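This is the structure, below, for whatever I ask next.
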Amino acid sequence: MANATNYKFDFFNVTFPSEYVAHVEINRPEKLNAFKEIMWLNLSAIFKKISHDPEVRAVVLTGAGDRAFTAGLDVQAASQGTLTSAAPLDPARKANSLRRHILDFQACITAVEQCEKPVLALLHGIAYGLALDLALACDIRHATRTTRFSVKEVDIGLAADIGTLSRLPHAVGNASFVKEVALSGREFGGDEALARGLVSRVYGCKEEGWEGVLGLAREIAGKSPVAVVGTKEIVNFSRGRTVEDGLRYTAVWNAGYLQTRDVKDAMLSGLEKKKAVFSKL
Amino acid sequence: MANATNYKFDFFNVTFPSEYVAHVEINRPEKLNAFKEIMWLNLSAIFKKISHDPEVRAVVLTGAGDRAFTAGLDVQAASQGTLTSAAPLDPARKANSLRRHILDFQACITAVEQCEKPVLALLHGIAYGLALDLALACDIRHATRTTRFSVKEVDIGLAADIGTLSRLPHAVGNASFVKEVALSGREFGGDEALARGLVSRVYGCKEEGWEGVLGLAREIAGKSPVAVVGTKEIVNFSRGRTVEDGLRYTAVWNAGYLQTRDVKDAMLSGLEKKKAVFSKL
Amino acid sequence: MANATNYKFDFFNVTFPSEYVAHVEINRPEKLNAFKEIMWLNLSAIFKKISHDPEVRAVVLTGAGDRAFTAGLDVQAASQGTLTSAAPLDPARKANSLRRHILDFQACITAVEQCEKPVLALLHGIAYGLALDLALACDIRHATRTTRFSVKEVDIGLAADIGTLSRLPHAVGNASFVKEVALSGREFGGDEALARGLVSRVYGCKEEGWEGVLGLAREIAGKSPVAVVGTKEIVNFSRGRTVEDGLRYTAVWNAGYLQTRDVKDAMLSGLEKKKAVFSKL
Amino acid sequence: MANATNYKFDFFNVTFPSEYVAHVEINRPEKLNAFKEIMWLNLSAIFKKISHDPEVRAVVLTGAGDRAFTAGLDVQAASQGTLTSAAPLDPARKANSLRRHILDFQACITAVEQCEKPVLALLHGIAYGLALDLALACDIRHATRTTRFSVKEVDIGLAADIGTLSRLPHAVGNASFVKEVALSGREFGGDEALARGLVSRVYGCKEEGWEGVLGLAREIAGKSPVAVVGTKEIVNFSRGRTVEDGLRYTAVWNAGYLQTRDVKDAMLSGLEKKKAVFSKL
Amino acid sequence: MANATNYKFDFFNVTFPSEYVAHVEINRPEKLNAFKEIMWLNLSAIFKKISHDPEVRAVVLTGAGDRAFTAGLDVQAASQGTLTSAAPLDPARKANSLRRHILDFQACITAVEQCEKPVLALLHGIAYGLALDLALACDIRHATRTTRFSVKEVDIGLAADIGTLSRLPHAVGNASFVKEVALSGREFGGDEALARGLVSRVYGCKEEGWEGVLGLAREIAGKSPVAVVGTKEIVNFSRGRTVEDGLRYTAVWNAGYLQTRDVKDAMLSGLEKKKAVFSKL
Amino acid sequence: MANATNYKFDFFNVTFPSEYVAHVEINRPEKLNAFKEIMWLNLSAIFKKISHDPEVRAVVLTGAGDRAFTAGLDVQAASQGTLTSAAPLDPARKANSLRRHILDFQACITAVEQCEKPVLALLHGIAYGLALDLALACDIRHATRTTRFSVKEVDIGLAADIGTLSRLPHAVGNASFVKEVALSGREFGGDEALARGLVSRVYGCKEEGWEGVLGLAREIAGKSPVAVVGTKEIVNFSRGRTVEDGLRYTAVWNAGYLQTRDVKDAMLSGLEKKKAVFSKL
């Protein structure tokens, strides 16, 4: 079992509810789990650790409390930061400073996408702005019927720059819906999210969702970690590239990874109707 | 309010039904709004004007009359034109002449996509051939339940070359449906269009649709135009490119555009529960 | 009518149920149509022939028997082959041997995608692993309500490498669903496949499906073959590329292909309400 | 012979020194042929005309006078324009205005690259800043030994944005040289330009250069215009794309263009040692 | 030593002048080694065999006789073939037939590029048209001082479509030179080819060249075949793609291939100053 | 002046020989500056610091001592590390561990490329293996006549995976030379490096080189840092992408960065023949 003491980070609870399953909980419920800078830095640190932790094969990401997955950026905190700094900088120098800041912030969210192990997000309650940037960097998105989604950035005068606008067109197969919600910031719920393609399951409430998403995480954690890490990486690579390039990358990947003993073990356990045991990755 | 006298073009009505909202109506109802060459040239001219018009922040595109958004290319007019010209040209020279013609025609439709301001199409009645090429260059597509969609080009012996075949695979997340309708030319209605991902809302009738799409246009026109222009451009850029490239482009974009006063104004108006007023773009 | 004697291949029945329509049936029902190596080699040979056969304008691909489209790779046969070979090869040399094998296998499946004529798959019963790799190389996917889909590869310890992971993200507009089924291997049925975007029609049973898919194939076979081959190719090219590149390719394509007499014939037959007759391609 | 009266544009002389050869001369020698806005607009208009002019099969671009091809942007004129405007615009709104301006300016230079007919630049004397942006949009670059090249933009506080930085890395096979001259703005002469790969011929003086470049233009103008337009377009397409994509585009191109009678005529004239006469494109 | 009896193909001599080195000689000197269709089919067959032949680690490609590497396409033979066929085909149907033909022909030349083992071309005498298409699909190009290169296709009325126009811009770092020779068809010699970047060595005569190129082939054949196959593939992949994609592909490649025993053997033999012996690939 | 105490890293000397110029010296001369793991970690840390250090506008990278820029990887150290680990890992698990290691190592070298400030490498003496990976991540490469370059990795049984094979094809415009040296590992000197396009200047000796490269660094450090950072980034972006994408990125970049006061200051100082003083970035 993974060692929880390695995962002490402010504003996050990291626990291990089941073998090979990590649970990362955003923990600032009194502020609707809104993010300030230390939080995305910590988030990145957590997922970099998990990525190489042999005791973790699947991750669930949730928000603490009843009210919100996350309400997004803590605007109050941000308003005292870079974005609205009044320093009399030359606009070009300010542009460069902003660019550095955005790239760093993007990299923190991308750490979730680059985590070798699959990440399953359960979105409940309020899921505004950064909630979507973050959820889109996850592999699997589930929600409750009452989740209140919004690409909120447009409401505070900016184009979402931490990932939503780059990942949403690849994640959701209704380009009209993508632009509609990105341009208007209008709220939508779990059922519309499912019907339009943003999430793959909707639950009646958070508790039911937790059972569902944890069950799926357990299922994935029971598979060969060699198969799982390859599946995640190849799907990520293929998105936004041609099928030809996807196939070429896949062939090279499996040239190495197909040599795993897991194939034999998995086949055998299939024949014997037993659960295969795979060594750590 | 934008000056309507700048927008006098044959076969189109351009009006301004609400602050910062333009309405472009294809106006040749006696021919089911079918397009002849002057019409796509005019369409392009209109959208180039709108793109830089500070009085416009959102555009609605509709077809005049009850029967059709547009029945597509005016085949009769076209049959007297380039496509069927009997001039005894060398096939290579004819190929070059056709290529020039297609590129020019494509550029006219692409002017809608490149218009900085979001374009919302309301498709009703017959929406054949060019109707789809055109709607796919728009940002948001709404329809009525009785809209009759068809990728009609296959029925007149050609592969659609003004945009449908290049944009549909990026717009609709059901590749089997894309090929099914593109290869068979079969009609489908508003509900199927919604279920498969081509439109994001369906209405009972054109009037109801007009209220819906105008309402959405107003909502978008009320946002910061800096946020809106960025959102449209970044989503367009990200489509068909990798997430990595999308993020890099976004960071550079916002390096400049985040310096807007609109962020402060939007945040403040959010706190004060007032409607923010943004200066022109 | 195409000459069936040209299409004698083990484990496949190739027939011509209608003018210009070929029917390729995977024929190993006693093994749930599971594939061994000779079968994908034969599959490739069949589709290469069809690609240039002027008597074929649309193809239907089905599995023989009631129980399965195909259960995927014949694991028993495969386990005696390359993947699990015990030869004391250097891991790099084994990697190279595996890479050659995967590239060859991929090329066989890609032969379906590259077949100039549209391929319609009817998936029924069990559709595991290779079933999806194969179906995703087809242009149109229909299923029955009771089809049992599964990206089964993860269950035998490997990342699917014959196409599913590269084509699924381009075919289905719900990235969360793509990862969910690819990482968990969980089964899903025809209705979910339709709702999430993997297939474009669902039928009550295989017989009904056969009528449906054959009807659609006939419809496509009745169109101008010039229009059809161009439509398939341009949609395939556009997937995973930018809209700009798609348009440029399209313009060059139609520079040559618009010179077809079919345009005039199709227009005329449209006016005369007659069925156009197109010469062979 | 092309009709010179169609080509009356301020600051340019357009003449036709030989059959099928146009000569475009930048004509503002008293200001070292420095560009102000009307000039790049006119340049674009000239090349768009030439692109479709059947009487032109090759173009030579030179600068009037002894002293300069062009000294680049007329900084004095520019300093009264957009770049240094003191209007109290929000930085984001100014960014959008600059972006529009840059895109328009880029499009004017790109008109040279998109001109169907090959463009040969003869660079002599001073060739600063815009001189390189412009020359890099040409197909062939010749120079004199005493040409004084400089990527001058860095010296006036900006990254060259009209094409040099995007085209130079594709044009010159010495990445270290590219960065060296782009970052330092240092001058270099014709011999270094030849040795590093920027030009393909160097002459002793402008007169000798004129003979050389005109001779080459005549040679090209004597070839099949079908072969020439295809060669230019395919090389342009292939640059910055994969070989696989280049080949695929080429095959579609020649599917149409190989049907030219020119192939037969060219082969015949080759056998008969006569000069082939090709019809107009 | 490889078995020469496996390599009996008309118009080619395949021999094995040294351990692990194959020599493929185009053998139709009485026609200046001009190619007719059977020849490029045979060429492709030879290189596919070599690609997987464990006895070959490097290949030298030359032309028989004193006069030519190859004079290119056998125009006389071709003129009786597809290109100039007088069949009264619809231009679109002819386009499709030409496209098939070009794709097949391209694939034959690409077989050289896709051969896992490095191919070294020695170009001497006449090297026209197809000579360049072919040489550019090779990995290394050497020439003699008196080689007469020409992108001859433009002289027979067509854009080179078998590879030159797609590969030359990636192979030669002087874009002006690329267009100059491709548009004019002008001859150039070995020294200019070296100075402009088309070849990497020039010899006084064919005999000297043979010694040089064979020596280099031997050197390469003495290296670890694991290192060599990876080096060729990664360089090919990186060309025309971003550095980021190149690095990602490389990491996956070496994940498998670094596990070779060759690394240890090579290091050891380096320390012991002995020649390493590598097992077959 | 930058604070040298911020730059204390083992095996590197970081000094500031001139205003805004940093000098990074690889300092392990007793081992020919060969790299062990701590060194590439430190290298990365140094360049990340420099990237944001407002006191640095140009960097020179050299190797300590007379004998070598760097002899590459410290094979002895490496042979006790990951590459040759004897742990009885499953080959797939070993592949994953190697992939992590390679990606980390690549990222360290890429830190040089991503450093906002231009990096000038002076290569002298032995420059083997990693020396090229590193130099190719620099912006400008100078060498001495006696520098001994070699893509040494092939000699130790592996394909170079830290950057050479991905960057060399973009840096050097002679694809035959690239493959020749990458496949044979043969040494080449400064003059050949210059003639083939790998470096942009060659000096008689290291001392002369130091004067030359420092002079160039000073020249660059004297330019507007806004212009310099943009020039580096846009050239890097354009490499391996299409010209169209390069131009689009450039326009967005300069939308923000053209708003700098440096343009006015630079123009003014040009007119007044004074040296402009630019504020920090």
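We just call them A, B, C, D, E and F in the order they show up, numbering each chain from 1.
Here, a residue touches a chain if its C-beta (ideal position, glycine included) is under 8 Å from a C-beta of that chain, and two chains touch if they have at least 3 such contacts.
Which chain is which protein? Per UniProt: A, B, C, D, E, F = ClpP/crotonase-like domain-containing protein.
Small disclaimer: the values here were computed from a predicted structure and weren't measured.
S.K.: With respect to inter-chain C-beta contacts, which pair, B-D or A-E, contains the greater number?
M.R.: By the number of C-beta pairs in contact, the winner is B-D.
S.K.: Does the subunit E and subunit F pair touch with the same residues on each side or with different residues, judged by whether over half of the numbers are shared?
M.R.: Counting which numbers both chains contribute, under half are shared, so the two copies meet through different residues.
S.K.: Quick one: subunit C and subunit D, Cα centre-to-centre, how many Å?
M.R.: So the centroids are 46 Å from each other.
S.K.: List the centre-to-centre spacing of subunit A and subunit C in whole Å, with centres computed as mean CA coordinates.
M.R.: 32
S.K.: Quick one: report the Å distance separating subunit C from subunit E, using the average Cα coordinate of each chain.
M.R.: Computed from C-alpha means, the inter-chain centre distance equals 34 Å.
S.K.: Indicate the residues of subunit A shared as contacts by at least two other chains.
M.R.: Where subunit A meets two or more other chains at a single residue, that happens at 91, 94-96, 170, 172-174, 195, 197, 226, 239-241, 252-253, 255-260, 262.
S.K.: Flag every residue of subunit E that touches subunit A in the complex, lowest number first.
M.R.: Spelled out, the residues of subunit E in touch with subunit A are 237, 248-249, 252-253, 255-257, 259.
S.K.: Considering the complex alone, what residue numbers of subunit A touch subunit C?
M.R.: Touching subunit C from subunit A are residues 118, 139-142, 170-174, 195, 197-201, 216, 219-220, 223-224, 226-228, 230-235, 238-243, 245-247, 250-260, 262-267, 270, 276, 278.
S.K.: Looking at the complex, which residues from subunit B come into contact with subunit D?
M.R.: Touch list, subunit B to subunit D: 52, 90-93, 95-96, 100, 116, 226, 229, 256-262, 279-281.
S.K.: Mind listing the subunit F positions that touch subunit E in their complex?
M.R.: Against subunit E, subunit F makes touches at 75, 79, 83-84, 91, 94-96, 98-99, 102-103, 106, 110, 113, 153-161, 163, 165-170, 172-180, 182-186, 195-197, 239-241.
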